[in-house]
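Report on the following structure.
Chain naming follows the written order as A, B, C and D, and within any one chain the residues start at number 1.
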Amino acid sequence: MTHRAPRDFPAEVVENLRLDGKTTALVLRCPGVASTAEPGQFVMLRAGTGNDPFLGRPLAVADLSGDRFTVLCRTVGRGTELLSSTPAGAELTVRGPVGTGFWSARRGVPLPKTVHLVGGGVGMAPLLFALRRLDGTAVGRVILGVAGQGWEGLTRWAGERIPSLDLYSQDGTLGRRGLALDGLPEGLPDEEEIWACGPEGMLRALTKRYPGDLGRIRVALESRMACGMGGCLGCVLPTTSGNRRVCSDGPVFTAEEVLWDDRSA
Amino acid sequence: MTHRAPRDFPAEVVENLRLDGKTTALVLRCPGVASTAEPGQFVMLRAGTGNDPFLGRPLAVADLSGDRFTVLCRTVGRGTELLSSTPAGAELTVRGPVGTGFWSARRGVPLPKTVHLVGGGVGMAPLLFALRRLDGTAVGRVILGVAGQGWEGLTRWAGERIPSLDLYSQDGTLGRRGLALDGLPEGLPDEEEIWACGPEGMLRALTKRYPGDLGRIRVALESRMACGMGGCLGCVLPTTSGNRRVCSDGPVFTAEEVLWDDRSA
Amino acid sequence: MTGRPDLMASTVGGLPLSSPVVIASGVWPYDPALWTADRLEGVGALSTKAVSLAPRAGNLGTRVWETPCGMLNSIGLQNGGVRDFMERGLPVAESAGRPFLVNVVMESEGEVSECLAILGGQRERIPAVELNVSCPNVDGDGMAWGMTARSTAKAVAVARRSWDGPLWVKLTPQAPDLAGAARAAEAEGADAVVCGNTWLAMAMDLQKRRPAFQRVVAGLSGPAVFPLALRTVWEVCGAVSIPVIGCGGVASWEDAAAMLLAGASAVEVGSALFTDFDLPRKIADGLMKYTAAAGIESLSGLVGLGRKNHEGGERR
Amino acid sequence: MTGRPDLMASTVGGLPLSSPVVIASGVWPYDPALWTADRLEGVGALSTKAVSLAPRAGNLGTRVWETPCGMLNSIGLQNGGVRDFMERGLPVAESAGRPFLVNVVMESEGEVSECLAILGGQRERIPAVELNVSCPNVDGDGMAWGMTARSTAKAVAVARRSWDGPLWVKLTPQAPDLAGAARAAEAEGADAVVCGNTWLAMAMDLQKRRPAFQRVVAGLSGPAVFPLALRTVWEVCGAVSIPVIGCGGVASWEDAAAMLLAGASAVEVGSALFTDFDLPRKIADGLMKYTAAAGIESLSGLVGLGRKNHEGGERR
């Protein structure tokens, strides 16, 4: 894949689906992103024309179809609140597609025979997209872990799309009681990989669980971002090859290259 | 009328009527304003939840009915653009009612026998409201002056409400060619008043036209405002009794008390 | 208010506050309808518009201008003078049933002494004075007093001699050595410092192709300046032991909480009241929930906690 | 662009600019895909990320934080060092086909001389240097150099000796005597001053109840600071005869026009590019229309017009 720098596009909200009290699926018409995005890439989304909020909000591409793409937005603060309350018909500004996705994150290394996908909460978004693009690679476990109450919408949404979804919740109200990692196999054979996205704690637990297999774990990370184009160096992550930008060198890294202990919690 | 300080209210946009490319009538559901506003009073309107734009935008109350009031909003910059593109169903924030209206502007002085109303452009708004409340006072001329092209919507709107409206436009495309003041009588008999609202130039011309009758000309003025509650002293106007606040001592003053030459253009 | 309002109470710089939210000077009119309990929910105290010895007409021309997330003002201390205040402002201020501060402009030493003597003549009616050494919108006096530690010391010394009640000193963020100015105020007997006033800025009128304000410069306030003001509060809290009141851009309970974590004992709220009358109540409520959620006993537990945690220095 | 682009051209501080819009340092990556004509419409020149003699890892922990109409950054000059720049950054910068400035950190006198000597070794490839005496996000050097007229003079003198091409000096708004610092830069041979860099501020992390940044303070940029930056530009333009480049919060053609009216010859645009790639073109277009509508012949007619009109002093 040749590198393309992200661009800014207007994007019409085609559908605004409130999945549950805090989770919204936004379907956006935006050929510029829809034509090129790959799983693991994300967009920087802005609502309105003012400068407050100032910065775009990074959200993973969760699906593509024709000239549209979908994001799953979990409301945590003012930016996500604004985005998820943008009605159909209104316009957002999109910078994208941003970043290096699951495929490109290990350039040259062929895809493994089997991939297990593990999402924590709305971190499931890029994995949903990845799942649709896996081709010639077997899908192992597909696991979604959530806190429980308040996550009905997302789990339903994911369940409708993935019949084989293993669902875990901490409070036991959705799927099995437990953590996402409970659904993973004991060991990770050489020809298998795990792709994961979710809360930092989950990813760290993953690295503890498979200490010898970090090179076969691909993680999609988060970081505070300003530019979404590799310019500000605001999103950097300490790695074995120095500081790397989550927005453009990532967000997908192998668990092996991340210096977990130097990363701020 | 006992003085009430303005309050902040949420107000639902019940109707958004685009009258022409630049003029919009917004009907807002807001009992707190609708129950008490008098002609000449205004509101400070804000769209959205962000701090940019920061300040409310002053707009005159143009009509009342039940729990609703109407404003006519002419798009001149970002604030009025935002307000006039707020769709029905959405919420705005209103501070109001603000100011001392036409009636209160000459406390104690009985209303005249006859009132002529002269509006320049969207300055017609408070006069439309005044017209509906005149009771026991004869209405003399009711004049609307506009530039011409681009003012179709406002003139139609006003015409529908005032059968006797005298319409003037500078380019001659709407009503008679000329200025609003062309429609006024030669002299101003003692028992008559003129109430006017519009561009500074029009109001100054008015004072030139009736130099001896300034006490019987009531003008609704504009000024940059921050607080809309009499606190910031940002909107002051030099008058014969010192600096007075356009927002709370006005916006209606008699042309006599305004020190026109000290007022910044 | 929800929760236990008594947890919000404290005494700051000699003034008992039922809530750490103080209305900043120059934003609240002497409109009796606005000095009532139901219009002042969550307000711990109010500062009056600046009072000078003689009346001042203020500045001509444009006085306010909107900016991104903020505004500029060049009011220029318009007020009726201290005698007018005593006659017409004071009764209104007294009607609120909560403490207030008379914001006194630092003019010449003679003027400020006389002004304070007049206020002192009714000492029992006036809970506190806020000495304003920081107005950027006048020539000659105003902000000039607050620009150095030395002139601040002089101003505070004069005021302290003429006024024996609680004395807050309102500093200017334009002071190159703000910590020094704060220390000087403390040394000369200030009971608290307010940190700070507006930030020197300007606007251009593109239609007229000239500066928007006749004095060119004006004072920036509102959310835009919050990160700047917070930094000055952090600095000043590290420099003095008297209470610090954070002022500049506070527009949410989160802002107030940040100020307190940085070491402020209370906050002043100005421009944000132009967009929300109800903000003081929202701040008081938000602070109460935040302290409760954090398992902190009362407001005072929050004051300076951010500094303690920083100095504790755990790795992040 | 609509209109006559040649009216936008000028030479500023030794650099021929096809448009008065310069991309500020530290915001544009060395991504070849972004240094192409179609990604740089309306851009007159670009300043690179800061370059130091040795590589710098930059700061740990949180590096960016959103604020009302702005943002804080504490990047801390992360860069690969001047040798890495020569090898990997320079070819990218050259590919853009328009002038660029190498933003050089003022470190010790020895370091900056060595760094400039390395750049000077390829003098013909490097259109200009922007000496950064204003970074607030590092200890020891950085902004400290720009804080006084004296240290600014020293820094510029060293740089001037080591670099004979166009030299812009990027001042810090934290300098108590900014006009003095600008005059010092002029006296020591700077070809232009950039006014200025970010504003010292901070943020509190309410979840962690401690400062958001490890160094506590960080630099504020974006629309929030525009009125502050404009005021400094006005001040500095009144103090020096070399060109002044306005920088801080420019986010629209109106902002750029205001800077020019205040006396700036060009503007630098930083954070606003984080929200709009197309801003430079919009600014150039807007300026062109504005000058045309005002009946002004070319861009230079705008420069300082606000001051002339103000000094003309008609009554408003």
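By our rule, a contact is a pair of C-beta atoms (placed from the backbone, for glycine too) under 8 Å apart; a residue touches a chain by one contact, two chains touch by 3 or more.
Computed from a predicted model, the values in this text were never measured in an experiment.
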The chains touching both subunit C and subunit D are A, B
Give me the chains shared as neighbours by subunit B and subunit C. A, D
So, comparing C-alpha centroids, which chain is the farthest one from subunit B? A
With chain centres defined as C-alpha means, what is the inter-centre distance between subunit A and subunit D in Å? 35
Taking each chain's centre as the mean of its CA atoms, how far is subunit A from subunit B in angstrom? 53
Subunit B to subunit D, mean C-alpha position gap in Å, rounds to 45
Note: subunit C residues in touch with at least two other chains are 61-62, 67-70, 222-223, 251, 316
Quick check: what residues of subunit B touch more than one other chain, meaning two or more? 51-53, 264
If every chain is a node and each touching pair gets an edge, what shape is that graph: line, ring, star, complete or other? complete
Quick check on the complex: what are the subunit C residues that touch subunit B? 26-29, 31, 33-34, 39, 49, 57-58, 60-71, 73, 75, 78, 222-223, 251, 271, 273-278
How about subunit A: which of its residues touch subunit D in the complex? 3-5, 7-8, 46, 51-56, 93, 95, 224-236, 238, 242-243, 248, 262, 264
Mind pulling up the subunit C residues that touch subunit A in the complex? 68-69, 223, 316
Spell out the part of subunit B that touches subunit D in their complex, as residue ranges. 51-52, 264-265
In the complex of these two chains, what residues of subunit B are touching subunit A? 48-53, 78, 82
